[in-house]
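Both complexes shown next keep chain A, but they swap its partner, so chain B is in the first and chain C is in the second.
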Partner chain A sequence: MLQIASEQETTPGGKSVAVISLSGELDAASFGDVIEHARQLIGAGAQGLLLDMTELAYMGSSGIFALHSIAMLVQGESPPDPEQGWAALHTAGPSSEFVEQLKILNPQPQVDRVLERTGMKRFFEVHTDRTQAVASF
Partner chain B sequence: MERDGLDSELAIARRIQLSLLPACPVAPGWTFDAKYLPAREVGGDFYDFLYHARGEGRLEFVIGDVTGKGIPAALMMAHSRAVLRSEAHHAGGPADVLMRANRILTEDRLASLFLSGLYARVDIDSGVVTYANAGHDRPLLIRRDGATHVELDAPGVILGAFRSIELADCVVQLHPGDTLVFYTDGVTEARDGYGRLFGDERLAQAARAGTAAGEAQAVTRAILDAVADFATGAAQSDDLTLVVVQRRPA
Partner chain C sequence: MSAVAEHTAGSIALEIPASVDELGRVRTFVRQHAAMLGADDASAADMVQAVDECVTNIIVHGYRDEPGWVRIEMPPDDHDLVVRLSDDAPPFDPTQVPAPDINLPLRERRGGGMGVFLARELTDRMSYRRTAAGNELTLVKTYRREQGAE
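This part shows the complex of A and B:
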C-alpha cells in the first residue's frame, strides 16, 4: 500500500518545485500511481520534482521503472506508457549525466540499498535536508 | 483464450524456460549448485553457465534478474540470456560482456523492463574469480573458517535503462574451502506472514551454516530451507535464484 501526497514549493531563484511524499511500499501494484501523480504535477507547471522517501518503507524494482519514467517526464519527453513507451524513453533517455529536474530526499536503508545497487545514485541527486534539496533546483 | 488453454500454454512456457537453465558444471576441485524458483509459472530470473567459454581451465557464469514478474519478465529473460551468451564469445572480460549486452538491450528497444546481472569468470586452477556487477545484489564470500563473510562490492548500473554505462572488472581470490553465494533479491526480500523481509543477515547466517554442513549443494539447501521456514504462511512474492560456487578444501 502506497500513499502519495504533494506540496508545492518555490526555490530562492523562483523555480516551482513539487515535493512528492511517498509513504508505504512502492511496488508493482503502486508504481503507476506515482508516475501518474508526477505527470499531473508537471502538467500543472512543476519545473522540478523532489521525491521525499522518508516514509517509504520498501521499494522494489518497479520503483526503478517509476524513477526512470518520471525522469523522462520531467525532462519534457512524451509521457511513457509502462507497457509500450520504452522506445521513446530509450531514444531520448538519460545517458550518463545527472537528471537535474528530479531529486530524491531521505531514502531509508532498504530503499537506499536498491538505489545504490542499481546504480541510480549516479543519475539522481540524493539529499537528506528538505530545505537544501528544494534550494538546489 | 480459455482458462484451460492459457494454463496449458503457461505450462509449456515454464518447461521451455526451465530448459534454458543449464546443468551445473563439473570441474576438478570445485562444486557448483544453482536453484531457480519462479514466483509464478514463469519468471524473470535466470542463471547460465558457459562451459570453457575462454578455453580449458576457465568457466564463466551469469546470474540475472529482470524487473517485474510473469510472462513479460520471462520473455525479457530469454532475450537477455541469448544476448549475454552471444556477447560472451566476443567480449574481453565480464564487464565488457555486460556493457556489450547493455548496448544491445537499449538499442533493441525490446526492453520494457530492466536487467540486473552479475557476470563472473572462474579460473579453475588458480582460484581467481573475475566479476562485474550491473546493478545486481552483491555476492557473499564466505571464507573457509565459515565464521566471517563479506559482500563483494562492485559498482554498476542496471542494464537496458541507460545507453552509456561504465562497468569495471573486479577480482577476488578463492582459497580452498572458500564459497561464493550469488543470489537475486527474491531471497533477501522474501517475506514472512507479517510482511517482514528475510534480509541480508538471515541470508548470511544460512549461508554460513551451509558451508559448515558441506559443499555447494548444502549451501543452497540451507538457504532455501531458511527462506521456506521464514516465509511459512506467506506467498512467494518474487522470483528466487541462487548460484553457489565453492572451491573444495585442499
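This part shows the complex of A and C:
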C-alpha cells in the first residue's frame, strides 16, 4: 500500500518546487499513481520535483520506471506507455544525462540499493535535508 | 479467486489471482515465512524483492491482464531460502533474459528486464523449467541463520 502526499514550496530564487512524499510500498500496483500525481503537479506549474522517500519502506523496479517517467515529464517530454511494455522506455528518454528538475530525499536502505543497483542513482541528486534540497533547485 | 495459503509436509504455499493488487500479500507472505525459518533480515529482504519482481513479471508480461494464478511455495531447506513460483501463463524463461546495460545514459537505456536483473542479483540461484502445468521458477538464497532461531 502506498500513500502519496505533496506540498508546494518556493525556493529562495522564486522557483516553484513540489515535494512529493511517498510512504509505504511502491510496486507495480502503485507506480502509475505516482506518475499521475507528478503529472498533475507539473501541469499545475511545478518547476521542480523533490521525491521524499523517507517513509518509503519498499520500492520494486516499477519505482524505477516511475522515476524515469517523471524525469521525462518534468523535462517536458512524453513518458513511455506502460501498456506498450516496459521496454518502451528505450524509445524516448530525458534529454540530458543528469536530471536537474527531479531530486530525491532520504531514500531508505532497500530503496537506495535498488537505485544503486539499477544505475539510476547517478541521474539524480540525492539529499538528506529537505530545506537544503528545496533550496538546491 | 482469492489468495489461499496452505501448509503441506512442511512446505508453505500461497496461491493468488494474477493481479498486481496481490503483490503486497506476496511480499508479506515471503517476509513472514523467511523470518519464521530463521533467515537474517538482509537475506529475507533480498528474497522478498526477488519474488516481487518475478511475480510482477508473470502477472504483467505472462498473463497480460488475462485471468490466471500464481503459486508461491516455500519448501523447507536447512541452508537456503527457497521459493518456487508456478503459473500457467505462456512459456517464459526469465533466466534467459539478457541483463540490461546499467551503464547506459538514461536516454539510451532499456526499461524492460530490470526486474529480472534485480531478481538475479539478489538471489544465489535461479532456475527455470517448463512442466505439464506451466512455468516453474525456483529462487534460492543462502542465508545466515539468526541467533535464537530453531
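The rule is short, and it goes like this: the second predicted complex is superposed on the first by the 124 of 137 C-alpha atoms of A that agree within 3 Å, B and C clash if a C-alpha of one lies under 4 Å from a C-alpha of the other, contacts with A are read in each partner's own complex, and residues count from 1 in each chain.
Please note the rule applied: a contact is a pair of C-beta atoms (placed from the backbone, for glycine too) under 8 Å apart; a residue touches a chain by one contact, two chains touch by 3 or more.
Computed from a predicted model, the values in this text were never measured in an experiment.
Peer 1: Between chain B (first) and chain C (second), which does A:99 come into contact with in this model arrangement: first, second, both, or neither?
Peer 2: Touch partner of A:99: chain C, not chain B.
Peer 1: Once the structures are superposed on A, label A:135 by its partner contacts, choosing first (chain B), second (chain C), both or neither.
Peer 2: In the superposed model, A:135 contacts neither chain B nor chain C.
Peer 1: With the two complexes superposed on chain A, say which partner A:123 touches: chain B (first), chain C (second), both, or neither.
Peer 2: The answer is both, since A:123 touches chain B and chain C.
Peer 1: Would you sort A:62 into first (chain B), second (chain C), both or neither based on which partner it touches?
Peer 2: It touches chain B and chain C both.
Peer 1: So in the superposed three-chain picture, is A:4 touching just chain B, just chain C, both, or none of them (first/second/both/neither)?
Peer 2: Neither: A:4 stays clear of chain B and chain C.
Peer 1: Identify the partner contact of A:29: answer first if only chain B is touched, second if only chain C is, both if each is, neither if none is.
Peer 2: Second partner only.
Peer 1: Check whether chain B or chain C contacts more residues of chain A in the superposed model.
Peer 2: Per-residue touch count on chain A favours C.
Peer 1: Once the two structures are superposed, pull the chain A residues common to the chain B and chain C interfaces.
Peer 2: Residues common to the chain A contacts of chain C and of chain B are 28, 58, 60-62, 64-65, 68, 86-87, 90, 93-95, 110, 117-119, 123, listed in rising order.
Peer 1: For a test of understanding, state which residues of chain A touch chain B in their complex under the given definition.
Peer 2: Its residues touching chain B are 28, 58, 60-62, 64-65, 68, 82-84, 86-87, 90-91, 93-96, 110, 117-119, 122-123.
Peer 1: Within the complex, which stretch of chain C touches chain A?
Peer 2: Residue list for chain C touching chain A: 20-21, 23-24, 27, 45, 48-49, 52-53, 56, 59-61, 102-115, 117-118, 121.
Peer 1: Can you name the residues of chain B that touch chain A in the complex?
Peer 2: 65, 67-69, 106-107, 109, 111-114, 116, 134-138, 155-158, 161-166, 185, 189, 197, 238
Peer 1: Spell out the residues on chain A that touch chain C in their complex, using ranges where they run on.
Peer 2: Answer in residue numbers: 1, 25, 27-29, 58, 60-62, 64-65, 68, 71, 80, 85-90, 92-95, 97, 99, 110, 114, 117-119, 123.
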